[in-house]
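Labels for the chains are A, B, C, D and E, by order of writing; each one numbers its residues from 1.
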Amino acid sequence: QDKFSGGQVKIGILNDQSGPYADYGGKSSVEAAKIAIEEFGGKVAGKPIVLVDADHQNKPDVASNIARQWYDADGVDMIAELTTSSVALAVQSLSKEKNKIDMVVGAATSALTNDACTATGFHWAFDTYSLARGTGGALVKAGGNSWFFLTADYAFGHQLEKDTSNFVTEAGGKVLGAVRHPLNTADFSSFLLQAQASKAQVVGLANAGTDTTNAVKQAADFGIVKGGQKLAGLLFTLSEVHALGLEKAQGLVLTEAYYWDRDDKSREFAKKFMERTKRAPNMIQAGTYSAVRSYLKAVEAAGTDATDAVAAKLRELPVDDAFSKGKVAADGSFVHDMYLFEVKKPSESKAPWDYYKLLQTIPAAESFTPAAKSTCPLVKKS
Amino acid sequence: MSILLETKGLTKEFRGFVAVRSVDLAVERGAIHALIGPNGAGKTTVFNLLTKFLKPTAGRILYDGRDVTSLAPASIARLGVVRSFQISATFPQLTALENVRIALAAKAGGSFAFWRSDKTLERHNARALSLLEDVNLAEFADTRAGELSYGRKRALEIATTLALEPDLLLLDEPMAGMAHEEIGRIAALIKRIAVGRTVLMVEHNLGVVADLCDKITVLRSGEILAEGDYATVSKDPRVIEAYMGTGHA
Amino acid sequence: MSYQALMAQLAIGVSNGAFYAMLSLGLAVIFGMLNVVNFAHGAVFMLGAFVALFLKLQLGLGYYASLILVPIIVGAFGVLADLALLKRLRGLDPLYGLLLTFGMTLVLEGIFRYFYGSAGVPYSAPEGLVGAVDLGFMIMPLYRFWVIVASAVVCFGTWYAIERTRLGAYLRAATENATLTQSFGINVPVLLTLTYGLGVALAGFAGVLAAPIYSVNPLMGSNLIIVVFAVVVIGGMGSILGAIVSGFALGILEGFTKVFYPEASNIVVFVVMAIVLLVKPAGLFGRAT
Amino acid sequence: MTSKRSELLLVIAGLVLLLVLPHILYPVFVMKALIAGLFACAFNLMLGYGGLLSFGHAAFFGTAAYAMAHSTKLWGWPFEAGLLLGVAAAAAVGVVMGVLAIRRQGIYFAMITLALSQMLYFLYLQTPFTHGEDGIQSVPRGKALGFIDLSNGLNMYYTLLVVVLAGFWLIWRTVHSPFGQVLKAIRDNEPRATSLGYNVDRYKLLAFILSAALAGLAGALNATVFQLASLNDVTWQHSGEVILMTLLGGVGTILGPVIGGALVVTLQNYLAASGLPVDVVIGLFFIACVLLFRRGLVGEVIAWNERRKGS
Amino acid sequence: MSTEPVLQIRDLEAWYGESHVLHGMEFDVRAGEVVALIGRNGAGKTTTLRAITGIVKKRAGSVKIDGTEAIKLRSDKIAKLGLGYVPEERGIFATLSVRENLLLPPAVKPNGMTEAQIYELFPRLQERARSQGTKLSGGEQQMLAIARVLRTGARLLLLDEPSEGLAPVIVQHIGRIICSLRDQGFTIVLVEQNFRFAATCADRFVVVEHGKVVDQVASADMDAKSGELAAYLGV
């Protein structure tokens, strides 16, 4: 009885279900979590698995309030997803205080596994580092030598631009310039003209959400890709490609941790997911599935839902599921392969959701912050 | 008698239309001075210039020998120049008593004291009530000003204006919209309060003007047409033609 | 920066200004007549784009049909919204109108976000307007030119109707004193309702114009509306001409800021607003109150 | 007299309730409601008594939250110093915004404050010290008066209660002061107030600054309680929320905004797990409020009470 | 002269919100008559006019205009019965030019005055036709307010204190206009404080006190009853 708090394993999905990030994860992520739980037959180590979810409305104080109540009053053992950096950081530090596990999927900030890392916090799917490494590093190798950035003018954009520039120069490429645009810019034409004038081979979009969507769409109107420049989305997922349509998105290069049509396992999960949500999963939804599944595996192995034991198991056990293969590093990040994709032309797409061509696989070892560069206190420098 | 208020070449132009043209007005201390003239002559505009609600296009305004041409409306009020409005101006949500009290408080210097109790305002109650009595509004002391009839609003406005004990009182048609009995009362009131201060008024009720005023300036088309006491002015043929008509001669 | 590149940025600025102008014009009309700051204006703009999308997906109706139909549909929506909601607030403090339409905005955007997520849906320009013209110094999408022309026509038409026609005089009178206007024998309630419909239809029209440029998404209006508010304050609220002129002017100014100091491009309009308030509180074209 | 007594009883009952509440309800939740109440009350000082609707109060709340978070986390300032800095920073922003905004009234005022606060939002989004969308996290709660350890939930609660009550008292005092009377007169008829010799702009500005400072107090407390300051505090949606709170509770009443604040916070919490789209529900509340009970809950009760007495 | 009243008021009650202002007003106005409502400040004269026009919405009783019951009608419909209203504070629109103000009210009956006829009557208005309505002086505004309803063809005019704030010459001028309107067959209800002015052309005085008609005096009996009238008005 002592081994399982409340005699059950309780998981909370806390994410944006109605705001700007509802498409990244949202209610569909809850379905992904359910799939993971069903694969366990609804029980782990003989104890029932209970799932709750809530909409944090992108307000960190609302999120923190809900998380507190979940931990203190409702007996939630682990909280997953936590889209948006401010929410993820707030809940991660709360989880540390309450000694509970949080598994972030869909917040990009690499602070979660650096300065703000905790023994109980895990970061699944991707962070700014892995995105930058994928698109920045790999694309140069694929021939994109000179870069120009359109950067969202706030911490996230700056970080992404900086990380990417580093990889670009490391790989022997050149950064010709950058223009900072405000968040939620509706019209990118002025910036696109500047990008065009720079004659860079690659136009890197260090932004997210509707900013990227609008930039990509208007780039098509201005004939950027037709003019021979490559467009690289630094944080762009299948959901957005779908929303944009191949007509506008074709030729865009991007990095994801997961693609539904990658292999049999990924396709199998995608099939289940599509039955429920009528859409193919992106890396955040698949990541949430993987996080929940890995957590349950760890609980099973530990034979308890006690935080320390489970956290230890999470770090110890390898992960191999529909989402990806890999291992959790000391800083809490799940280290796995990343993929560089190019969006297909409409004529190349054979089936619904058949959107990506794989350009390159970035091996796990290169994809995430190496221990030597980590600023996470938990990482022992050798 | 010395001159309290003086304008020199006061001019106001509205987009090419000259409403007040080079007016030299001199109001003597202690006098009741009337500004009359046909509609559109520029009387209200002169008032607005004097109280700084409008900026003159040209000319200067001297008050008590001091050039006040560029002062702000609130400052001129604090110097002791207070006006009443042609269209009634009260605080509709406040009671009649509070209306007067707020003026008394202004006289006392106003207050930014947000940390004090509003009970401190009650010291003005007695004075406020007596002012209301003066204009026959005592029984409406606790009625919200917005609910008073037009005539009573005018009376309240006068009481409020008087609360400031102005040195120079500018009254814009104080009798407009008043019943006869009120007119008599207000006229008497003005006469009473004019002792020791100066009044400049715009009024069409010639009976009142004749009765009250020491000096009359007649404006026409923004210019001074005639000046003098009632007897002089009312005989001036130009004034008769432009303003008084034949009925009053 | 070369002279030619500057011209290119100028052209883009004008085309963005066209949206500010149309939206602030609608706001000014509604504010002028109903004394309501229509917070829902951005949401209605979004609605216009979505209706165009539905017309295409459900009925196969193309862009030009939408350009005519959407303002009618959105206008009808406005009329209904007015009859059902706004009408009850006539004669009250205008702040209530602001708050009501704020609520309407939350509901409208929320509903669309609930069903369409926030990523947006593409809507393509009609055959005749796709592609770009190579001006030698820049490639300008043809569609942008169309936006400028269409909005200029609409803006002028609206200005004329209000400032120069008898109906416009009714509207202005009703704005100022509805009871009295009505007592002259003018059916003011109907007039006001139609005005709201008209103002909203303008936003709907802008929405259709915008659909091919920005992807159709539930939040496309909400970021715009506050800037448009500032534009209206700069122009002088309720001033039809002010709304139009300052709309275009600020579009251009913002365009240049994007080139010379892009970090400030989202605040430049607000800075201008602050300056205008200091120098001319009633706005550039506003009548002092 | 009896109404005075029943009012007093009500206040005492409220105080007792506040003392025991954290033992019944979740303390953080009660604190959030109290902060919301203070925020709404500060806002109401402007709307209910100054007749000016500010659509930018989030700017003050957020500024103070950042000041508090930054000074206690990075400079290691104590709780009280952070609180003062927060209030001062909010007041300073209030001065700048006020000088511009009070030049216009009514609807213009609303739009100008909205635009200015949006500008501030963009500035905060871009300046490094706010850490963009990450926000300032893990803000230490520290010790009040040097010995009350605020990381303890109940200590935090009672400390916060004292501060919030002081804020409420100041608001009440302001409303019922000579200054408050002048504000009311200005709201009624501004030109007349000017002609009586009141420097109307100064009165409005002072009211605005007071309101900003008190909103800042709420923001600074929020940063301590939740140990974070984020962009969300500065968004116009947040400004909208405080309007809803005030409207729901009752504009121009002292108690109304407090109740409205608690209601909205409860609503947000409840809706989070309900699966309903939060904004839609909040929007519907707004519409219902404006159409059906403009006086707000407390206002309706007062009106009902007066009608009962009257008949 | 027909004896059928153009305006028949019976048992008219009116309220502002909760406050009950008219308590059963009753009077008739026959075609071609000028009737002056007189009474002290706050007696309810303005309210009577506003209740007839439907501007005051909360009202009961009966108002018949040319035989049509108007008590349940909206104010725009009432105007269409042939009513022209000149309000107390003139009601000139600031956002309209003088000419737009003049042309604003739609025709309610055929044969209203033409613009040219109006300018003949009020030359000042033509001079200032393009300026903003409220930039006129008080007297000019009063002329505009009267001129405005003459255009509509309304034959029943309600004038609320037309002499207020006007210079004596203008008052005489307006008086002549009212008399000439009567001679042209207009029916006029006049609210006046200026007794002397009212006397110049009124056929009959209706004395209002506390929202009721307390007396009616024909012009012919004026001299005989002047004492009583004076008492009513407190002169």
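Assorted remarks:
By definition in this document, contacts are C-beta pairs under 8 Å (C-beta built on N, C-alpha and C of every residue); 3 or more make two chains touch, one makes a residue touch a chain.
In UniProt terms, the chains line up like this: B, E = ABC transporter ATP-binding protein; C, D = Branched-chain amino acid ABC transporter permease.
Everything quoted here is computed from the prediction, not taken from an experiment.
Traced through touching neighbours, the fewest hops from chain B to chain C number 2. The mean-CA centres of chain B and chain E are about 29 angstrom from one another, to the nearest whole unit.
If you average the CA atoms of chain C and of chain D, the two centres end up 32 Å from each other. Remark: chain A and chain C have CA centroids separated by 37 Å (rounded to whole angstrom). One finds 44 Å separating the Cα centroids of chain C and chain E. Each of residues 18, 153, 182-183 in chain A touches at least two other chains.
Residues of chain D in contact with at least two other chains: 122, 126, 277-280.
Shown for chain C are the residues that touch two or more other chains, namely 110, 113-114, 263, 266-267.
By the contact rule set out at the top, the touching chain pairs are A-C, A-D, B-D, B-E, C-D, C-E. By the touch rule above, chain C contacts chain E in their complex via residues 166, 169-170, 172-173, 175-177, 179-188. Touching chain B in their complex are the following residues of chain E: 16, 19, 40-42, 46, 88-89, 124, 131, 135-140, 142, 161, 164-172, 193, 195, 233-235.
Here chain C touches chain A in the complex through residues 5, 8-9, 12-13, 15-16, 110, 113-114, 117-122, 124, 132, 138-139, 141, 143-144, 213-215, 217, 219-220, 223-224, 255, 258-259, 262-263, 265-267, going by the rule given at the top.
Interface residues of chain D facing chain A in the complex, by the touch rule stated above, are 26, 28-29, 32, 122, 125-126, 128, 131-135, 137-138, 222, 226-228, 230-232, 268-269, 271-273, 275, 277-280. On the chain E side of its complex with chain C, the touching residues are 53-55, 74-80, 85, 87, 91, 93-96, 100-101, 103-106, 108, 152.
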